[in-house]
Structures are given as C-alpha cells and as structure tokens.
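In what comes next, chain A is part of two complexes: it sits with chain B in the first one and with chain C in the second one.
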Partner chain A sequence: MMEKGKKTAGFWRRKKQEHPAPKIGAGKQKSAIQKKNAKSRRISTAFLAPSVLGVLLFFVLPFLVVFFYAVVDNPISHRFVFLDNFINVFRNAAFRQAAYNTMKFSVIAVPLAVVLSLGLAMLLDSKIPFKSQFRTFFLTPMMVPIASIVLIWQVLFHYNGMINDITALFGSAKIDWLKSDHAQVVIIVLFLWKNLGYNMILFMSALGSIPKDILEVAVLESAKPWQIFIHIKIRYLSSTILFVTIMSLINSFKVFREIYLLTDDYPYNTVYMMQHFMNNTFGSLDYQKLSSAAIMMSIVMIIIIGILFLTENHFGKDVEG
Partner chain B sequence: MKIGRGSVNRAALLSESAYKRMIVRKKRISKIRRGIATLLAASCAVLFLMPIVLTVTNSFMSASEISSNYGQVFATSDSGGKTYISEKVNLKFIPDMVSFAQYITVLFKSPDYLFKFWNSVILVVPIVGFQLLVALLASYGFTRYRGRIKEMIFFAYIILMLMPYQVTLVPNYLVSGWLHILDTRWAIWLPGIFSPFAVYLLTKYMRRIPTSVMEAAQIDGAGEWQIFRHICMPLCKGCMCSVAILIFIDYWNMVEQPLILLSDDSMHPLSVFLSKIKKGEIGLAFAVATIYMIPTLLVFLYGEDYLVEGITYQGGIKG
Partner chain C sequence: MKWIHAKKVFGCLAAAALFAVCGCGNGSGEETAGSGNGVDGDYVYVAEYKSLNDYCDSIHALRFGGDKLFFAGMKEDKDVLYSMIVGGDDVKEFPLELEKGMHVNVLGNDAEGNLLLGMIQYEGDPEAGGTVKNVVIRKCSPEGEELETVETGNAFAQMDSMSFYLSSLLQDKEGNYYLGSSKEVYVLRKDGSLYCEIPIGQYLTNLFAMKDGRVVAAYYGNNGWCLEEVNPSQKSLQPLASSIVFDYGTYQGGVDTDLLYTQNAILYTCNLGDEKPTALLNWMDSDIDSNNLSDFTILSDGRIAAVTRDYSAGATELGILTKKDRSEVPEKEILTYASLYVPYFAEKDIVAFNKQSDKYRIVVKEYGDDSMSYADRAALLNADLTGANPPDIIDLEYSTLSLEELVDAGVVEDLSPYLDGDTVIKREDYVENALRAYEWDGKLYGIMSCFGIQTVVGKVSDVGEGSTWTVDDVLALADSKESGVEIFNYADRTNVLHKMCALNEELFIDRENGTCDFSKEEFYKILEFTSRFPQEYEYDPNAPSEIEKIRSGKLLLLSEPITAVSQYQMYEYEFGEPVNFIGYPTFGKSGLTLVPNSTTVAMHASSKNKEGVWEFIRFNLTEKRQENMWTANAGFPILKSALDKVLADAMEDEYYEDEDGNKKLTSKMTWTTGDFTVEVYAATKEQVDRIREMIDTAQPGGTMEEKLYDIIREEAQAYFDGQKKAEDVAALIQNRVQTYLDETR
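Our next item is the complex of A and B:
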C-alpha cells in the first residue's frame, strides 16, 4: 500500500517538474539540470527499495492479513464476523489475566524506572569522582544477556536464598519469591536492573544540554537547589522524561523474556504476561485468537505512540521556542 | 563552590572573620554532600555489578560444590510445587577451591554447549551485517530529497519500530509459513534484516549532515552512488558502530523469536537453551552463562562510547 503511494508520488513529481520549465523560459540548459535532478531524485529513492520491499513483505502485508483474520470466523470459510473474535478473546480468562498483569506491571515498573534513572543521572551530574567508571558500571547490565543472569537471580530469590536471609535480619517472614504474589517484585527488580542504565544515559545527555548560563544565573540569584531542580531542570527535561516513559513502557511489554527464563511457559499467576498468552496460543495455532490479540495490542501501542507525538510537539514548542 | 549573591549581601553585614568562617562551613557542607553522593553511587554500582560478578565467580566452582550449594534451587524449580527443604542455599562470592573443571567440560567434553553458542553466532551475525547494509541504503534514501511521502513512510517505520514482539511476531509467523521458511534460520534472519530500527537511527544521524555538502558534491558531478559511498558512509562511521552494537545486544539477547519460529531445539540459540539447564547439569550452568556474556562484554569494552552515543541519538523520537 505504501509502496503504491510512493510510486504515484514519484510520477506526480516528475510531471510537475517537466511542466514549469517552459514557463520560466530559461531554455535548454535549465531543463537539462532539472532532468538531471529528477534522475538523481529517482536514483536516491531507489536506495529505499530493499528496505521498503522487505518491510512490506515481512511486516505490512502480513499485518493486513492478520487484520483480515481478526474479523473473519476461520481461515477457510472467511465469513465476516466483525468484532466477534475480539469479544471472544476479551472473554478469555487467560487473556484478561495476561492483560491485567501486563498493565499492572507497567504501572508499577515504569514510574520507578523513570524516577530512579533520573536520580542516577542527577547523581552522575553532581560533583563526584570516578564519574565515567560509575557510568560504565550502571550501563553494564544493559549489555549482559538476560539468559546469563537468571541463574544468579534464581539463587538470590530462592526460598532459602540470600534475599530471604537479608529480610530475615529485619525480622520478616520468609517468602517464596518466584511462586507467590511476590513474583512481580522479582521481575520488577530485574527489569529495573536491566533498564536503568539506558534511561540514565538519555537523562544524562538531556541534563548536559541544559544551557549552563541559566543554571549559573539561578545560583547567582541564590535559588535553592530544589528550586533549580523544579523550575529549570524538570522543565528542560520534560520531553526527555516523556520519551523515557514511553520507551520504558514499550520495554515493559517485553518483560516476558525475563519471566520465561526465570520460570517457564506457565509461571505463577501474577506474572503471566501478554507474551505468555501469545506463545501458548501459537502452540494451538488459533489464528483468530492470535490475530485479534495482536490487533488489540497494536491499537494500544498506537494510542501510546500518538500520545508521545502529541505531547512531544507540545513540550518541544514550550522549551525550545 | 560559588557563593550566591544573597549570601554576599548577608556577608557584608558580618565581620571579615565571620565571613571566612561561613565560607569554610559552606565548603565543609559541600564536601560532606559530595561524600554522601559518592557513597550512594558506589553502593548503586555494587548492586548493579553484583549479579554479574557472582555469575563469573561461581563459574569457577567445581560441579560438586555447586550442587551442594545450590542443588535444591534447581531441584524445586522444575517440580513446580512449593516444597520446603530445610537445607540452606549457600550463596558464595568466592569458591572454596578455584577450578576450571566447568570450563573444561563445556569447552572440550560436551560439544552441545559450544554448538548452541555457534547457533547464537550464526543467527546474530548476518542480522547485524545485513540490517546495517539495508538500513544504510534506506537512510540515504530518506535523507536525500525529503518529501511528504517519504516522511509518511518514515513515520510508519517509527511506529513499526516501537511495536512490541507480541504484535510483530504474528505477521512474521504468517510470512514464514507462506515462504516455507518456518523452522529454518531464514525465519529469524529475514525479519531481523528488514527490521526498521537501524533505518530509524541512521536516518536521524544522516539528516544532520548539512545538505550543502551533498549538493556541492552533486555540482561537482558526483552521482548518487558516489555521494552515498564517499560522503555519507564515511561521515556515518561512528553511528554505524553504535547501531551495530545496539543491534548486536538486542539479538544476542533474543528469546521470543526462536521460541516461536524455530520449533527444532537443535537450532535454538544458547539464550533459550540456558533456561532449560536443569538438575543434572547445573554444575555447568554458570560457566555457560559466563561464556555467553563474554561477547557482549567485549563489545562493551570496545565500544562503550559508541553505545552511549547511539542511545543519545535515540532521545526524542522525531528526527
């Protein structure tokens, strides 16, 4: 669909370029340059071809088919049923559990990821020694594959493991972390451990781009540190905060990987996520269920991304002027 | 430490010695504050590094030491039920006896693990290389002659990039079925190669190159290919490194795609295989985990600055 649009656009452009030439009346030389320009424009557009074709074949086209599957009753008879599949999926207890868990996880983990990484960035922005070493340390978890680290996580959070030993020091009862309602805590800790470094880098670059003179004037005017933080830093960081929030939200949807590696296909109820639902549905190859779930998920994503763009436009104007 | 204007005004009312004392006090407070900040950063760093360090040190334990220390962790994890075992799990920072037995077994005695490691390599390396190549071409296309249609396509790429696997895996599965590449490596390679992430990042970077540079080359008679090859590519070298690193860590870490697109266990990468190590082989698990993170850590050592740069380009979705 998109490629069709592109072709007509190129066609339209060429036409438009051929026509105005006589009007200007610059003679042969001008139109030769224009012809050359049009040619190089076509060639540069051809650079897009491999990628656009690939994306069309592997993402756009099948997505349209997914959409089709979501509104018919089965892949063979193709009877149009409109929203029935969606309603069926919505009634599915496993789907509801998965959607609820994913949402709950995001609601808890994302604000934590934003606030804590902003804290880390501020820490590295203050006057402390060994800054670059600390940056390296905070960034290392991002590099380490989750699969390598789940072993130690299982040991730490085991019923008889180290975390319970530490909490026992403070007199609390032992918790079977991975097989109780606390499983979500374990996953949140792992998620934060993995993602804080990435967010921190984004915040650090944003902090670095705050004009120094504004901060200096604020200090000269004897503004308190918290005033500087609220009125200058937060204001300049607003678009980054938004971006980090959205990226964390998107990453929080990917947390299935951690849970799968820590537990299995069917983990404890509170950490049964959307991707578990999808994976297990792949097993039974129920296209209707899969497609409608994917469509619903993508609608949610499009809403989130839309909010990102709208607010970024708004904030962008606010700060950069 | 700068002294604010307000305090200077106040200081004017004080005697000189009192003023000096105030400065000393302020300096001391800032020193204490700095000490606390450093301490905080250090304790965070310990928390961040501990799991990694523990994995590495534990990999030097002998198999018997590991199974006596952690045996029950993995014994209960596959029975699924909540069984109480009175024995403690002894987390050790430093093994009682350093032994390379785990590594020797992994590297020489049981080729299974090396085979999985090779699977990971063979799945990831072509994706990194070809995604970069396709993306370089495409981002040049997006950079030259920007029009409304191109902007719309680029916007579609961004949306696609932000979609989670739950959404993109279903289409991928369908196409793989049509092309009869399900259960072959192509099912992972092809969607990976055409993934829009690298296009997005490289385009954002390439658009920062002043158009006058390219126009000047064009006036001097350079063709599009020449502008691309001799002007854009050299200028994007740093960004290419960043993108390559980001793609590499993303795909080295992949779990979802092979789980769904490759039903044949023998083709699974080490990341998926690691989760299936159970009772019998836990002695080896830590060594395998360590070996699995070595490539990413090496990349990190070599390219930390590129990585940071790459993440920084991502800040703010719009180009």
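Our next item is the complex of A and C:
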C-alpha cells in the first residue's frame, strides 16, 4: 500500500511538471496572493505589536535606563564617567561580599535542587506506595504564602526558636542560626524545601514522556538500571534539566525575598546577597552602584545560561523532541 | 529599508529612554497651589491686608459679626471698642467706660447677632499672683449701642488670675451665657448666676455655636481631637456624630453650614451629615499663616475675611480674600518646597517670604497623606528628587535621606559660594557650630535659622558644677539613691540608646576609613547604662507630675532642649535649687548637642531657580528676620548679633505701672509645666554666660542614621533581655554595621 501510494504521488508530481499551469491571469493571481500575504503580515504585526511594545517598554527600555545610569556620575548632573562606576563597584567590599555569597549560594543550592528533585521524581516514578500523598506533600510549600513561610522559619530557627529548644534537650548551647555562619545553611534548606516540589513535578512529567518502547528494548537488551538512567533517561531529560536548572538559578537569586523578611536590610554578612546590595543602594538613591552591579550581574547570568544551553545541546542533540 | 526601520525603532527607544531617565510627570505629591487637598486649583483667593495696629495701642479681643469686625483694645490707656465694615474704610470707635482694673478679655456673639463683651477685673498683677475681682458681660447691638450688662456676682471672684481667663463667650437661644476658660466651660443663666460648671480635663481651644444653635466645645483630648456638644442640663459634653474625621485645627460655626474650620492650613466647610468636607482654600496660597488665625468668616458677598495675630511681631492684620481665576493673578517665579510634612515654622517662614517677594513664590509640595506609610511617602519624595522636575527646596528636617546620601546622589547644592558671595550677609556673622551642622566634606549644604541645645539638667548637688560627665558618674549617682528612682524623664531604652550611640558614634565608627569597632569597653558601658532604663516608657495618667517626682527625689535628671535663657529659672524652680545643664554622659567630650529648631532647607542641585532658593534661605538669615523670629520659633537665632540681643534682653528687668502709676517689677514671661506656673524674671549674668558656653561647646548633629541605629537596637535587645553577653552582641553589631559601611563607600 505504501509503495503504491508513493508511486501515485510521484506520478501526480510528474504530471504537474509535464503540464505546467496555464499562464493566463497569472499576474492577477500573483497580485491577489501578494495582497493576501500583506494583509496577513499586517494582522500578524497588529497581534505582535502589544507584545513587542511591552518588551520594549518594560525590558529593553529599563535596561537602557540602567545602562545610562551606570555610565554617569549621579542621577542629577549626568556627567559621563565611562567605566568608573563599574570599577568602584568592583572594588566595593560589600559588593564583593554580596557577589561571593550569591555565587556560593547558587553553586550549592542549584545543583542540590536539581539532583534532589530528580531523585524524588525517580522515586515517585517507581512503584512505591502512597505516591499521590508524597506528591502532595512535596507540593505543599508552593501553596504556603511567603509571609507564612518566613514565620515558620523564624519559629524554627530564631535564637529562641524550636530547633534550639530541641538541641537544648541534648545539652547543646544555643545557636543564633540566622546571625552566624550557619545562616546560609538555613537559607539553603529553606530554598530546597520551597522549590523541590515544583522541580519534582517537572521531572515527573519529563520522565513520563520518555518513549516506553525504548525503555522496554533496553530492558530486553539486558541494560542495567544505571545504564538506562545515564544513556536514555538523562538524554531525554536534558532539556528539562536545563529548564529546571535555569529556573532554580533564577529562584536562587530571588531567595533575597525570604532573607530580607527574615533578617532585614543588613543581615549577617554570610547571607548578604546581591539583591541586598541593589535594594539598599536604590533606597539611598545610589543609582550608579545599583546600575553597574545590575549590569555586571546580567553579564554573569548571560554567560551561565549560555553555558547551560551549550551543555544541553551537547547532551540532548541526538534526542528527538 | 530595514536600517531605516531600525533607526526609527532606536529613535523611539532613545526618546522613551530619555523620557524615562528624566522622569515623567510629577503627580506624586500634593502641591498647595493646585488640585492638592481637594482645593479647586483653577481659582485662588487673593488677599488684601489691613493692619489693625494703626487704630489702637494694643488689641485684646476681636470677633466677626456678620460683615462686621469688632475689636477691643487700649488706646492712650483707655479701653475702646471698634467696629468696622469688612472691606470699608469707616471704622467706628466706642469708648468703653469701665471700672478701674477692668478690661475686655473676649468678644462673642448671641443668637441674634449682637455683640457680647466679656470683661474681667483683676486685683493685683494679673500676670503674677493676681486674683479675679469681678466678671461682667455686656451686650451691645451691632451698631455699638449698649443693650444690657450682666454682673456675675461672686461666681468667679478670688479665682487665680493665671488659671482663670476667658477664651470664648457666647449666648444661646434660651439666653444662657457660655464662658470658656482654661479647662472648664461655665454656663451662666441670663441674670448672670452660675448655672453649671463643666470640667473638661484638657485645655479648651474654643467654644462656638453651630447654625442650629447647639454649643460645641473644641479641644484636644487624650485620644485626639474632640468636638463635643455642651449639655448644661446634664452638665456634660457629648461627642458630635459625624463620619468626618476632625483633627487639630481652628473650629467655629459655619454661616450656611454646621462647621467652618481650618485644618492643616486648609479652610473647610461642612455639615455633620456630609461624607466629607468641602475644601474652600489653602491659607498659604493667600499668604496667610494658618497658625496665627484668630477669627475668620465668610462674608455675605462670598469673600472670606480672616484676622491673623503674630504675637512675636505684635502685628494684627485683617485679610480680605477675593476669589479670582488663577490666570488673573500676576505670575511669579515658582519655587517648589518638598517635604513629607510641613512644620509650623516652615509655614510661617514661607508665608512671610511669599508675602514680601515680588519675584518669587514658594509652593509647598507635601508627599502623600496620612493614609500612606512613611516608606511609601519617602519613595514618592525620593523619586521626585532624582526626576525631571525636582523640587527647588528640600526640607532637611523631614528628609528621608541622610545628608551624606543626598550629597552622594548629587541632589543638594553647595551653599558656600552663595554665602561667601552674598553682599548682604557674611559667614562670620553666624554661629559657627550651627553652620557646621550641615557641612559635609568641607561644603555647606543647609543652614538652620534657629537652634536649641539638647541637654540633661540636674541639681548641682547631684551632678556637680562640671561641664561633662561619664556614664560611670551617672550610674554612681543612680546607685547612690534609693532603688526605683528614675534617671531621666520619659526615658526608655530606645531613646537613651539612640542618644548615647549618636553622641559617641566616632568612638566606634571611623567614617573616613569605613571601619567600625564595637568591641570597646565604652560600648559595653553604653549597653549597661541603657539596660537601666525601662524597655518602653509607659505613660501613667495617675502618676505624680514631673515636678512632684523631682522634688520628692523620684526623678534625678531631665533631658530637655534649651531654647531660651528663661528655662534656667524654670528648672531652678522645678528642682528647687541651682541646676546645671551638664549634658548627656560621654567619654570625654561635651554631651550637649546643637539641634535645628527652625526651617532648615537645602537647595536642589538641579533647581532652575537657584537665586530664588538662596533668596529664601537668606531671607531667614537677615538681621531683621533673625531679630524677630526667635520668639516665634522658640530657639536661639543663628545670627550672632541677634543672639547677643536675645541674651542681653534676657538680663533686662521689666516693669509695669500699677493703678497709682508706680513702676513695679513684673515677670518677663510665664512658663507653665503641668499644674505649676513659673514667673520668669531677668536672668543673671552667670546664667547667660553658661548659655553662651553651652552654645560654644555643643556639637552639631547628635543623631544617627536610622539604618545604623536599627542594627544596634535590634542586636542590643538580646543583651537587654539577658540572652546574650555584651561581647556577643557587639560582635554581631560589628558584623552588620561593617556591611553597612562597606556598602556606603
């Protein structure tokens, strides 16, 4: 049947080539097509315009403003100073502290968020009891408002909080969790607690879309579970891993919100993040520092995301879909 | 083609970027001239002024009645009543034949529009220990014809002249007279006998009748502003029912409405059933200082009349305000004054400046309103400071940013070239300490026109005669007294810690190098000292008064701003023996701080009218202004010659002539604290010299950036709660403050 169908199609194509369409009225037809195309373009443009304008107004334009402030001496006199602001910010001890803390946090928290959520997704993908209940359990933090999360964490990790009460039962001295070198650990735990559920759902969805026949063939070919994981699942999950990594990276920058609510403008120095620096400089009208720091951070983000895309391309290039 | 499109897109973006960088519009604040506060911005009430001082030597009372203004005063030592048709030149004079020692104290109206004169006869010096001999009410027709005189008999006889005076007088439809005194409302029957006395418990501001005849008492109570109907039959006051929120202001009955009142410099009219009041005008737009309003009314032709009394200048003026289209009013160059709140002294200075300037007009831009949080209001102001249409004048007293932040952001202009280049005023003529208060990196960004000295005062027998003391000295003094003795008045840990940290900041923070060190013994001492105070000061209405506490030894020291030499005598009276303004405990340096007590402004670096801004700053620094403003602003003038005059005047005795024409020593002023009144006489040379010494040694500032102090306060709490050692708290403060310092470099 297939062969026949192909032949029929081939014959029809040949017939078309042997008997080209008559040229009478071709000009009119072409004009009509052009008009239709132009109309179509206008409609497309009309539909696209709000989005394009939105992007220009709310993304491109603010970026240009930020760039402008980064190369002038202050928001009043607007004297061009080229890279002076960048140099000043780079030399600023608070900026360096913030950059170091943010990088350290992301380097630790993002891989943990990806690996742990993938592990959880694999676990829930296997045949274990109470899968539905576990799934709900891990998604619960997403439903809790941020103010409540902060309240819970304060109850737990305050100097007079529950964790210290429990450790005191074992004779341990009190630890000021949020105002000591332990502070970043607390924030990482908070970050994972809040983000694992969402990442896990993404991975579960991706795991569910891996073709079953390929997995069955691998089993029939006596592939071991780790081989199936490395050579099949990871490859099919590569785009999801990239997405989860980017989302986690972005969320790791947004953890400032929780830290701010827990510890205010000027926290213990180990949890002083880039956004603290930017937020505080904005409050004191120091737009030069704010803008220079924002641009430097954007450049780092672009580089990191570029590397992630290259990695994804490398691992997922031979996978369909 | 594509390049042309790209150029167009880029052009649009560039334009938009420029628009965004420069800011877009300034709808963030409320300007007094314009649509702010509900006042119709298309119109303005233009005032014509008429001085009332020309008619008599002194004015004791005044009152509008219909389209007439009545005022009573002294002319060539005789009591005279005047009547004028508002807007007319015809002023009628009615000599009052009064008994010896009797003077008109207050004017009022009855329900038919007749004029009431409330007169008091004193025995002795009414300003020092005199008593009331008699109170008489005289009713006159609007034409000045005497209708009846009511004697009150013994109702008020022998009352202390300092606690009994008449602030309001009116008569209801039933013929009862209502007299408002300091903290009481008295109701008299038609024949002058006492019907009832209704104590208020607070100082009465005003008594007035609404259009339906109900009599209302206005005063500031314990829980805010009160408008309460006087009910003589029940001897009580009952709150007026209205959905409108009334606040501190000047209230009276309306002409066609229930109320006509001034609140936050706006004149409103309303009926009690209205959802919101109607804003008629902003007094500042008409160059009238609402703090000086004595009486105001709406005339039958729609014009508004107001009388202002400036006690510091001794001027009484009638202003007649005519509604005009804004386009009809001659234009002046506008200077915008930005602030979150407008202090009363700023309103006074702005009105005075606007009134005398033919070229400039200051328009106040108040950011946000009471419904907004401080942070939201601050954000509005900050956005404007860096926007395309920035204000010309920045109020430094209510600035949301520190001077350092304003300087770093390039917002404020260096005033040194203006001061040094001025042909009228000279830098060396002004008190150096006060000028240094707003200096940064050798540049001058703001100038206060009046100042006070924040200090601690105590008995010489307790604090000694030195000019400084340490925390250990204070603790030793407190320990030498019985337990439970308060060290400072109204003190709690928050304000004591702030003061101590601010005064001693340079011991712990090195701004130049951006470092800090809180692991010093001095800081531990401050923590220990602060822990002696209660966490929060709780006001106890049943507690003994401040003076009782001091005299019984329950309170050792007072933390007060000194704004006049006469305070010496007040504190000596309070403490019952010689006092010393020793200042806050420090670690070697002076514990006195020099604080602004007047309009203190900076010039915006982008102001398009810098000459105009300097004109305003200079206006408040000129000799004439400096010599007259200190009384109103209750502070020391910054001009040395004016300060010398103030200090010299403080040593001059004052006299009055008694009934027999004998010259007798009288008090210069009266200080009232709680229920105690102190008569102030000429200061001694020693007292004046000590004030001079205080001014010379006081340090400007004495405040700490809010963010810095918040860190210290938050961490110190664990020490106060006994949960952490001082060393641990200091380490945490060190960590967080260092981040702050690093960030600001």
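The working rule: the second predicted complex is superposed on the first by the 259 of 321 C-alpha atoms of A that agree within 3 Å, B and C clash if a C-alpha of one lies under 4 Å from a C-alpha of the other, contacts with A are read in each partner's own complex, and residues count from 1 in each chain.
The criterion applied here is as follows: contacts are C-beta pairs under 8 Å (C-beta built on N, C-alpha and C of every residue); 3 or more make two chains touch, one makes a residue touch a chain.
Worth saying up front: this structure is predicted, and the values here are computed from it rather than measured.
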item	value
Partner chain(s) touched by A:272 [first = chain B, second = chain C, both, neither]	second
First (chain B), second (chain C), both or neither touched by A:280	second
Partner chain in contact with A:57 - chain B first, chain C second, else both or neither	both
Chain B versus chain C as contact partner of A:179, first or second or both or neither	both
Contacts of A:68 with chain B and chain C, given as first, second, both or neither	second
In the superposition, chain B vs chain C on chain A residues touched	B
Contacts of A:94 with chain B and chain C, given as first, second, both or neither	second
Contacts of A:128 with chain B and chain C, given as first, second, both or neither	first
First, second, both or neither for A:34, with chain B first and chain C second	neither
Chain B versus chain C as contact partner of A:148, first or second or both or neither	first
Intersection of the chain A residues that touch chain B with those that touch chain C	57, 60-62, 65, 159-160, 176, 179, 264
Chain A residues within the chain B interface of the complex	2, 5-6, 9, 13, 40-41, 43-52, 54-55, 57-63, 65-66, 120, 123-124, 126-130, 134-156, 158-162, 176, 178-179, 193, 196-198, 201-202, 205-206, 216, 219-223, 239-240, 243, 246-247, 250, 253-254, 256-257, 260-261, 263-264, 274-275, 278-279, 282, 290-291, 293-294, 297-298, 301-302, 305, 308-309, 312, 316
Sites on chain C touched by chain A in the complex	9, 13-14, 16-17, 20-21, 382, 385-386, 390, 401, 405-406, 408-411, 514, 605-606, 707, 710-711, 714-715, 718, 723-724, 732, 735-740, 742-745
Partner chain C, residues of chain A touching it in the complex	56-57, 60-62, 64-65, 68-69, 73-78, 92-95, 97, 159-160, 176, 179, 264-269, 272, 277, 280-281, 283-287
Touching residues on chain B, where the partner in the complex is chain A	2, 4-7, 34, 37-38, 40-42, 44-45, 47-49, 51-52, 54-55, 58, 70, 72-74, 76-77, 82, 84-85, 87-89, 91, 134-135, 137-138, 140-142, 144-145, 147-150, 152-153, 156-160, 162-175, 190-191, 193-194, 196, 199, 218, 223-225, 228, 249, 252-253, 255-256, 259-260, 270-272, 274-275, 285-286, 289-290, 292-293, 296-297, 299-300, 304, 307-308, 311-312, 314-318
